[in-house]
Every structure is written in C-alpha cells, then in structure tokens.
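Next come two complexes, and both contain chain A; in the first it sits with chain B, in the second with chain C.
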Partner chain A sequence: MRNPLLRHATVCVALAVVLVLLTYVFDAFTDYKIAGVAIFFIAAAGLTVLTGVNGQLSLGHGALMAIGAYTTSLLLKEQPQLPMILPLLAAIVSTGVAGAVIGVAAARLRGPYLAGATLALAVGLPQVAVHYGSVFGGNQGLPVPVPTPPSALGGDFPNERWLAWIAIAAALITLFLLANLVSGATGARLRAVADDEAAASLAGINVARIQVLAFVVSAACAGLAGSLFAYWVGLTAPSGFGLSVSLQLLSAIVIGGLGSLSGAVLGSFLVVMAPFTISDLAGNLNLSSDVANNLPLALYGVVLIVTMLAFPRGIQGALFSLWRLAKRNLRRPQAPTVSTTA
Partner chain B sequence: MCDVAASLPAPASTSLDVANLSVHFGGVVALDDVTLRVDQGEIVGIIGPNGAGKTTLFNAVCRLVSPSSGRITYGGRSLFDHRASDLAGLGVVRTLQGLGLWSRLTVLENVATTARPRAPFVNDLLALPSAERTRLQARDDAMRILADLGIADRASAYPSSLPHGVQKRVVIARALMMQPSLLLLDEPASGLSAGEVTELTTLLRGLRERMGIALVEHHLDMVMDVSDRVVVLSLGRVIAAGTPAQIRANPDVATAYLGEQVAHA
Partner chain C sequence: MTQESVGVGPTQPLGEAPAPSPRRERKAALLVAPEGLIARHRGSGVMARTAVPAFRTTYGFISHNFPAIIMIGILASVLGVLAQGGPTLMGNQMRNALVLGAIYALIAIGYTMVYGIIELINFAHGDVFTLSGFYAFLIADHFGINKLAASSGFGLLVALVVIFAVSMLLAGITGVLIERVAYRRLRDAPRLAPLITAIGVSFLIEGFMLAFFGPDNVTTHQASWINGNAFTLGAVAVRWTDLFVLGMALVLMFALGAFVTRTRLGKAMRSTAQDRQAALICGININRTIATTFFIGSALAAAGAIIYSINYGSLKWNLGFHVGIIAFTAAVLGGIGNIVGAGIGGFLIGMIYVFGGSLAGGAWSESLIFAILVLILTFRPVGLFGVDVASRS
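What follows is the complex of A and B.
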C-alpha cells in the first residue's frame, strides 16, 4: 500500500479493533494499565518527533505534560460537568502555545544548552504549582473526576475499560497524525534540519521555523498526554510530573528505537509495564520487605541497561535486523544458483 | 516571504554584484574591499591559496556570515535584506565544501526535499491528497535529475554508503533541484578522479546556458579550462581578474599562487 493515508489509516483501525477486543479479554486492572501505556505513548510519540526526528533533546517533557494536566484540572475545577473532549482540546492548545514559546527559545540553543534549559523547565515548573498553592492546589494537587462511561454501554461497563478506550482512541489518532507528518515532506525537512542545519538553510528550509514547529507538535502531544494522565490518576499534583517522568519518556524512545514511532510504542509498553510486572514477580518471591520494596527499581534499571547493551539501536532496530535476516534466510533456498555463482 | 520572491520572474539581466565587500572576524580581515560580478550564462572561477577568503566570500553571499561593509546584490535586490533560507527562493543556490548531505535521508529524499512549492504542514499532518501529489511530483522531478546525472540507480541508497564521486553528484543534483539562476559551487572537483573531473567540466558547460556559475576550486587546470573569467583572491583581496589566459600570464598571480613554472608555461 503505497498511499500513506491509506496505509496509516489501515494500521490504526486494525490496532483499534485488536486493542478494544483486548480490553474485553482482560480484567479491569489490566485495562487500566493499557490506558497507562496509551497515555505514555502519546507523550513519547511527541518526543520522538522532537528528539528522535528533529534532533532537539528535551529533558522537560514532564513539565509540558504538567501544563496539560493543570489546564484540565483548572477547567474541571470551574466547570466539573464539561464533556471530556473540551478539557483535552484545551490542554492540547495551552501546551501547544507553551511549546511555541519554549520552541522559540530552544531554536537558539543547541546540544547541552538545550538539554540544560529544558531540564530547568522540568525542575522549575512543578514548583510553580507549589508556590501558587491557592490556584494550583499546592502539593496536595487538584482532584480530577473519574470519567464515567455513557449509559448506552450498560450499567456494569467498567470505568477502567472506558478510560482505556478513550486513551487508545487518543493514542491512535496521535499515531495516525504523526505517522503522516514523519513520512511526509515535513518529516524529511525535520530530519534534514537535524542532520545538517547549514545545508538545510541553503536548501530554503527555515531552520528556526521547523524547530519551533517540532516543539509545538511535540508539546501538543505532551499536553494531551498530561490531560489524560490527570484523568488516569484522578489527581493533578506536582509530584506526578517530576524530572523522572521526563527521563522515563526519554528512556522509552531510546529503548524503543530513536526516531521511530513504532519504537515509541514498544518503548512505552516496556517502560510502563515493566515496573508492574517486576513488582508482581518480587511479590511472589517471599523476600524480606527491604529487598521486595527495592527489587523492582533495581531490576527495572537492569532491564533498561541490558536492553540497551543488547540492542544499541533500540528494540525496533533489533526487530528490523531480525526481520531482514529472516527474509534473507527465507529467500536463500529458492535461489541456490545465485549464491554459487556470486 | 521567500515563496513570494520565488514566484517573481527573475529579471532578464540577473547578475550577482559584490561591491567593496569586507568581512572581519574579530581583528582578522577575511575579505578586504572585494568587488566582483557574475553574469547569467558565464562561469566565474574564484581561485586563491588557502585562507584567501574564497569560502568566506560564498558565506557572505549566502548570509552565513555578516560583512562589516560593502554591498551584495542579486538581480538588483540587496541580499542583506534576506535570510540564508530565502536565497534558494531567489534562485541563489550554493553547495558546501563538506557536501552537507542529509545522512538520514535517501539520495532521492535528499534531492526531493528541496522542492518547491511545498504543501502546508497541516496537509502533511492529515496526509491530504494534495500533499501526496506534491510529494510524488517532487520525487518524479528529483528522479529525472538523478537520471540526467547518471545516478538514478542510487536513488534509494543513503549518502554515506556511496563513493565520494557519487556523493558529489548528489550534491549537484540537490542544487539543480532548486532550479538555480546562480549556482555557487564550493570545490566541486575535490577528491574526484581525472575522469570524473572531465565529466564535471562537461556538466558545467551544459549548465552555463541556463544560469550563472561561480566556482571556488583548487583544481586549477579545471578552473582554467571551464571558466569564462577568473578572479584571484589572496589574503582577502582581489589581486587579479580576467580571462584564464590573462590570469596565466599575470606575474602577480604567479608569485602569489600559481608558482613560477606556470608563469613560464
């Protein structure tokens, strides 16, 4: 299928069908975890466009998620009955605007300076919520009501499955749009700017504009993810958007395979699910509480390190190499004359 | 704004005029009162020893460095009013000594990405049919240029996997995709085999009818062979200008650069 519109639409619809069916197979808690992966993926996909494709390193995406989450929570504080789509859209817009402002500053910064500036954002922004506690709820944060499924789905439809559906829909729409963007002419310009700015500029590409564009797109994704995250946790508090969130997003896109959206899917799955799985494992081993409490974090670190050592180009890169190897091995028996004459 | 400029027809007598141009880097004088002109349909060779200011001259024309004084106009328009990224839209296209190929784009994408006009960002985001049409058109145009340069079979390769000579052709293909009316070539012959230099010479002669070409090059035989006029820079100053024959006969040039044996040849 050469037409990107058809190709991306088909993949997203197929994924939607499979994932929705899975939410019926799994229990409510697993549905809740699926929603978590989908939400995390939205932010990771945005970061993929910025860092993986356009080459701008951001250590501050957790802070951008916070902007989305607080936009949602503040709106709901004033208007608790708002249909969910409005706070989500408001979060996308407000974070997109914030992304434009940060992007203009970022377009003047390179490498470690950009990393430092976004790091400052990640550390500093949550403190604003603490400082202006009367507005943002301080360390306690602002509560967010659990989204309830429409009555048409039946009285016993679990909230977790409904949230998973919303998160899956948002994630797949994000995937569809970003896949179009990255595979299109804009994607090529984003890569060109990352590869060689002077050559891009001489080719008529406005480097600063492309860099700001990447920041806005990436921030809008982070805003949507932050808004959904607020619904997922049921609370928006500074502790939810610390530096660790930014670093987890970065680990997800690197482990998955930098610059690839499918890599962002795999990385998000690993980063969100690994802690749950490892905790379950540690719980079943009858360890002393000291060890059991710390084992997940230690194992999590080990998993990340081993993954990077084994697959330097990320999981997606490893799968791609495997696929090529398999293709070559499958072809070989059919064309023996080629190998003997070559 | 560059798109507006691109839509304007180029004036018939489009020429690059550099007048009294000086560029200082701190206390270092890189260019000192340089004046030169490149007309449509001519190839102007710019030669000089290392550090003479040849690449700085190109950088100043392309708005990559800011001159301390002087004037640069193209087709009567001051280039100082434009950014580096506007120049391609004005028809001023420059290649880089370090090639500047985009390593994560294929050869075809390297060429097609410079196409104009461009689909708006939102069309790309939604993969609208118009964006796809623009993209396919650009690929077709790029493919044709690659075929003209004899490297169509390398279209899907990544630049780093190609021999140096092929990479240099991709650089020229990318420049031609921008439909230049003035082409600034920074050492296009460096690292090429003798056969490849001959091919390049033939190519430049073919291009001359359609555009003005300024050529910074160390390969003197090639410059003398292909250029209509030659400008010699030394320590940031123009020390000679004229036809290749005049330059060969100029004793100042021989002393500064060419060496005695050439002067006596």
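What follows is the complex of A and C.
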C-alpha cells in the first residue's frame, strides 16, 4: 500500500478490531490496565512529536495533562450530565491554548534551559491547584464520575471495558492523526528543525512557528490524555500529576525508541505494565510488607537502567537493527560477519 | 537604521554594561554547552522578531539588567521583612537564608559540574544528597561518633572530621559508581538515553532508602552536636552551628575553586568540558576526568547533606527530590555549567526562598522559586552570569 493515509487507516482499524476483541478475552482489571496503556500512549505519542521528532525536550507534560484533567473535572463539577465527548474536546482545546503559550516561550529556549522551564511547569502548576483549593479542590482533588456504558450494550457490560473502548478509540484516532502528520510535509519540517535550525531556516522554514506548532499538537494530546486519565482514576488531584508523570512519559518514549510512534506504543506498554507486574512479583516473594511495598520503586529504576543500557536506541531501534541483521543474513547465508554469540 | 539602534540585542547592551567580546566569550566557556545558549541572533526568537520596537526595547532592558533587577527584588524583600518584623526577624531570616543557601549552593555545584562536562541533567544528584545524609547518619550512630562528639571539644572536632571525610568519600564512590554503571556506556548514545538512566538511578536510590529507612522522617543526632550561641547581634542569636555550617560551605567552595583553576586535574576537567575530542587528542584521560567530576560533585552533595542534618536534625527518603529541583534552579540561575555562578545562585535562591516566603507566606516559597526560574528563562536564559564569570583560565 503506497498511500500512507490508507496504510495508517488500515493499521488503526486492524488494531481496533484486535484490541476490542481482546477486551472480551480479559477480565475487568486487565481491561482497566489496557485503558491505562492507551491513555498513557496518547500523551506519550504527543511527546514523541515534540521531543522525538521536533527535538524539544519537555519535562512538563504531566502539568499539561493536569490542565486537561482539571478542565474536565471543573466542567463536570458544573454540568455533571454532559456527554463525555464535550469534556474531552474542552480539555483538548484548553490544553492546546496553554501549549501555544508555553510553546512561544519554549521556542526561545534550548537544551537545559528548556528542560528547566518545563521542569518548573511540572512542579509549579500542580501547586496552583493546592493554593487555590476552593476552586480546584486542594490536595483532595475533584471527583470525576465513572463513565457508564450506554444501555444498548446490555446491563452487565463492565464499566472497565467501556472505558477501555473509549481509551482505545481515542488512542487510535490520535495515532492515525499523528502518523499522518509525522509522515507528511509537516513532519519533514519538524525533523528539519530538530536536525539543524539554521539549515531549516535557510530552507525557508519558519523555525519558531514549527516549534510552537509541535508544542500545540503535543499539548493537545496531553490534554486529551489528562482528561481520560481523570476518568480512569476517578479523581483529579495534584499528586496525580507530579513530576513523576512527566518523567515516566519521557521514559516511555525513550525506552520505546525516540521519534517513533510505534516506539511510543511499546514504551507506554512497558512503563504502565512494569509497576503492576513488579508489584505482583514482589507480592509473591513473601517479603516483609515494608520491603514488599517499597521494592517496586527500586525495581522500576533497575528496569529503566537495564533497558536503556541494553538498548540505547530504545526497543524500537533494537528491533529495527535486528530486522536488518536478519534480512542481511537471510540474503547471504554464508556471510561470516555475525557470530551467533554476539 | 535608527530603529535598529534602538532595538537591544545581546551584543548591543544598554547603558554601562560592556559588551563581551566574542573572543572573551569563547575563552569563557568553562563548563557551558554552546547549544544550551539561546540562538537569539539567529532570529528564532518569536518575541524578538514579531514584537513592536517599544516592547523590544523594554524586553532588552530587562534582559540586560536582570541581575540588578533580581538583586533589587531580593533587597526589597529583605527591607519588606525588616518593615514587617523589625531587625530581629530580619536578622534571624538572614541567618536562615545563608544556611539554606549554603546547602543549595553545595548541591547546585554538583548539577552544574556534571552538566558542564557531559551535558546531562543528573536527576540522581538530589538522591545522592539524601543517601549521603543517611551514610553520615549510619556512621554517626554505629561507630560511637555521637558519643565522641558529646564528650569534649576535641572529640567534637574529631567527630566532625571523621563524619565529613568518611561520608564524602562514600558519596564520592557512589557517584563514581553511578557514572560507571549508568552513564559511561551511554556517553555516545542518543542524548536522552543517559537522562532516562539518571531517572532510573534516582528511582533506585529512592526505593532503596524507602525500603531501609521507611516512609517517615528519620531523626538524626547530629543536630545536638554543636550547641550554644557564638554571639548575639542585638536580639539575633548567632549559633555556633550557623557559623560552622557557613564556614564549612565556604571553605569547600573555595577549595573546589582552587582545585579547578590551579591543578592539572582541574585543568583537565575544564578542557574536557570545552571539547572532549580535543582533550582526548591532548592526552587527557577522559574517563578519569569525568569520574573525578562525579566524585567531587557527589562529595559536595554529601557535605551539604551533613550540614542539612546538623542544622535541621532530620532526613527523609524523598528529601533530595525537592531540594534537588531547587538546587537545579540555583544552577540555572547562575548559568548552568558555571561553577561560581552555581555557588552564588545557591545563596540567592536561599535568600529568595526565605525572604520571599516570609513575606508571601511559607506555602508560596517554592512557587516563588519556580516563578523566578520562569522569569530567568524568559528574560535571561543564560543565567545571571552567563558564561563570563567562571573564566579564570
């Protein structure tokens, strides 16, 4: 299929069918985790466009997710009966606007200074919610009602599966749109700016505008993810959007393979599932409860370090070189270059 | 033409500030990554190009006088505290600010050195700070150092020397180990890869401390080592602890300054920071130099942690996270990569934290720090001192 639009659409529809079928196979808790991966992927995909493709490092995407989540919960506080699509759209718009403002400032900053500014955003913004507790609910946060499946799906349709469907739909729409964006002319401009600003500028690209655009797209994704995250957790509280969320997003895209959307999928899966798996493992080891409760954080750190050391270009990069290696060896089976132990 | 002469750019300073010559700037790149600097002259700045000239002039004015504006702001808040609570409050807060600033300065130096030499924001640095505080705590509790410190004046001296020397050594080894395991192999990997391992190391150390020391505050006994007041200024009591803490921090910082500027290894560090390839060609052992940088940075963080526990008497597993972020702000304030800037930035952040917090209410202290960070990055992304203070080569 030469037409990328058609190719992306086919992949997304196929993924949708497979994932929806999987939600029937698994139990409710696994569906819940799948929803988590999908939500996390939306934000990670947005960050991939910004950091991976456009080369702007952001440590503040957790804060952008918070903007989306608070938009949703404030809307729901006023109008609890809104259909779910409206808070989601509102979150995308408000976070996109915030992203434009931050993007204008960020377009002036490079390297550690951009990291510092977005770090300040990640740490400072959740504190606003604490300081203005009367509006934002302070440390307790704002409750978000669980989305209930429409009655057409039957009375005993689990809420988790419905949430997983919504999250999967949102994730695949995001994937489709971003894949088209990245593979098109805009994607070429984004990459050109990342590679060499001066050269891009000489080629007639408005560097600042492209950088702001990347921030807006990325922020809109973070807003959507934040809004869904609020539904997923059932609560919007400052502690849910600390710096650790931003760092996990970054870990996801780098571990998956920087700059690639499929890498973001792999990374999101690893980053969301690893803590669950590690907790289960630690629970099975018969350790004292003190150590068992606290070990996951340390083990998660080990996972990050080991994965990065093993695959400096991310899992996607490792798979890609493996694929190339396999192809070369298949074509020339007598090639002496690669030993099996390497 | 006339409009251009009104517009102010980095090479066209207003008033008395002399324009740094390009030659001096190049020489001055002590521990600064060139791509970290803003590419304003390339015209990539949105504000610089789209804004009206009047706005541009104002922007340029603020940008160029930013150090003065920060100083005036700090002075105003000091005077504000004076007006609010009289000289006693001001004196007490000044003491608090200096002690806090010393701690931030010691940590900020570690951030700035590591960034300068391998362009990595070492997210694990704040946790190395906490971990070395726990090293000191364990040493003091398990080897009878606490008893020794309480026995006599001489015993106290020995106890302090032992605790500083051993903890700093252990912390230095920890830092070198972290670099060896988590960063060295990724030196030529994509730039974000070591950042992720740094986050991993941070989680690992935090999880380790959480598992061994629990989720609550741990009381350390160093707080009772040094007792009594040295002297009183009016109603402000200056404790021996304060003098010791401040003196220790300053001694360490000046020792570091001497090391970096006067020794062969210091020279190797500066040249590695400037251009790793060129340093390699000149026969500098890059691995040893970078390891030394981590050793020194972590050892200084350990000194900061001991000072912290002497002054505040408690530690917590996630303490380094917050202290680390604020110290990173101090490093950016001083111009990241600039060691002297980080030291001064630490003290300034201490002043802003204490006096700003005193005026605005303690809950706002941290928000204030981050507001300052945003202001710095908006108006003067290279930090207060840019690249030229640290150039002594």
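General observations
Here is the rule we use: the second predicted complex is superposed on the first by the 332 of 342 C-alpha atoms of A that agree within 3 Å, B and C clash if a C-alpha of one lies under 4 Å from a C-alpha of the other, contacts with A are read in each partner's own complex, and residues count from 1 in each chain.
Quick note on the criterion: a contact is a pair of C-beta atoms (placed from the backbone, for glycine too) under 8 Å apart; a residue touches a chain by one contact, two chains touch by 3 or more.
Everything quoted here is computed from the prediction, not taken from an experiment.
Contact with chain C, but none with chain B, is seen for A:L247 once the two complexes are overlaid on the shared chain.
When the shared chain is aligned, chain C comes close enough to touch A:G124, but chain B does not. Of the two partner chains placed by the overlay, chain B and chain C both lie in contact with A:V207. When chain B and chain C are set side by side, the one touching more residues of chain A is C. With both structures placed on the common chain, the touch criterion links A:A192 to chain B but leaves chain C unconnected. In the superposition on chain A, no contact is made by A:A164 with either chain B or chain C.
Once the two complexes are overlaid on the shared chain, A:G111 sits against chain C while remaining clear of chain B. By the touch criterion defined above, A:I92 reaches neither chain B nor chain C. With both structures placed on the common chain, the touch criterion links A:L5 to chain B but leaves chain C unconnected. Once chain A of one complex is fitted onto chain A of the other, the partner contacts of A:L177 are limited to chain B, with no touch recorded for chain C.
Put simply, chain A uses residues 198, 201, 207 to touch chain B in one complex and chain C in the other. On the side of chain C, the complex with chain A involves touching residues 33, 35-40, 42-49, 115, 119, 121, 123, 181-182, 185-186, 189-190, 192-197, 199-208, 210-211, 214-215, 321, 325, 328-329, 332, 336, 363-364, 366-367, 370-371, 373-374, 377-378, 381-382. Of all residues in chain B, those touching chain A in their complex are 2, 62, 64, 83-89, 93-94, 96, 100-105, 109, 112-116, 118-119, 121, 124-129, 131-132, 134-135, 138, 174, 178. By the touch criterion stated above, chain A contacts chain C in their complex at residues 51, 57, 104-105, 107-113, 115-117, 119-120, 123-124, 127-128, 130-131, 197-198, 201, 207-208, 211-212, 243, 247, 250-251, 254-255, 258, 290-291, 294-305, 308-309, 312-313. Across the complex, chain B is touched by residues 3-5, 8, 177, 180-181, 184-189, 191-192, 194-196, 198-207, 213, 259 of chain A.
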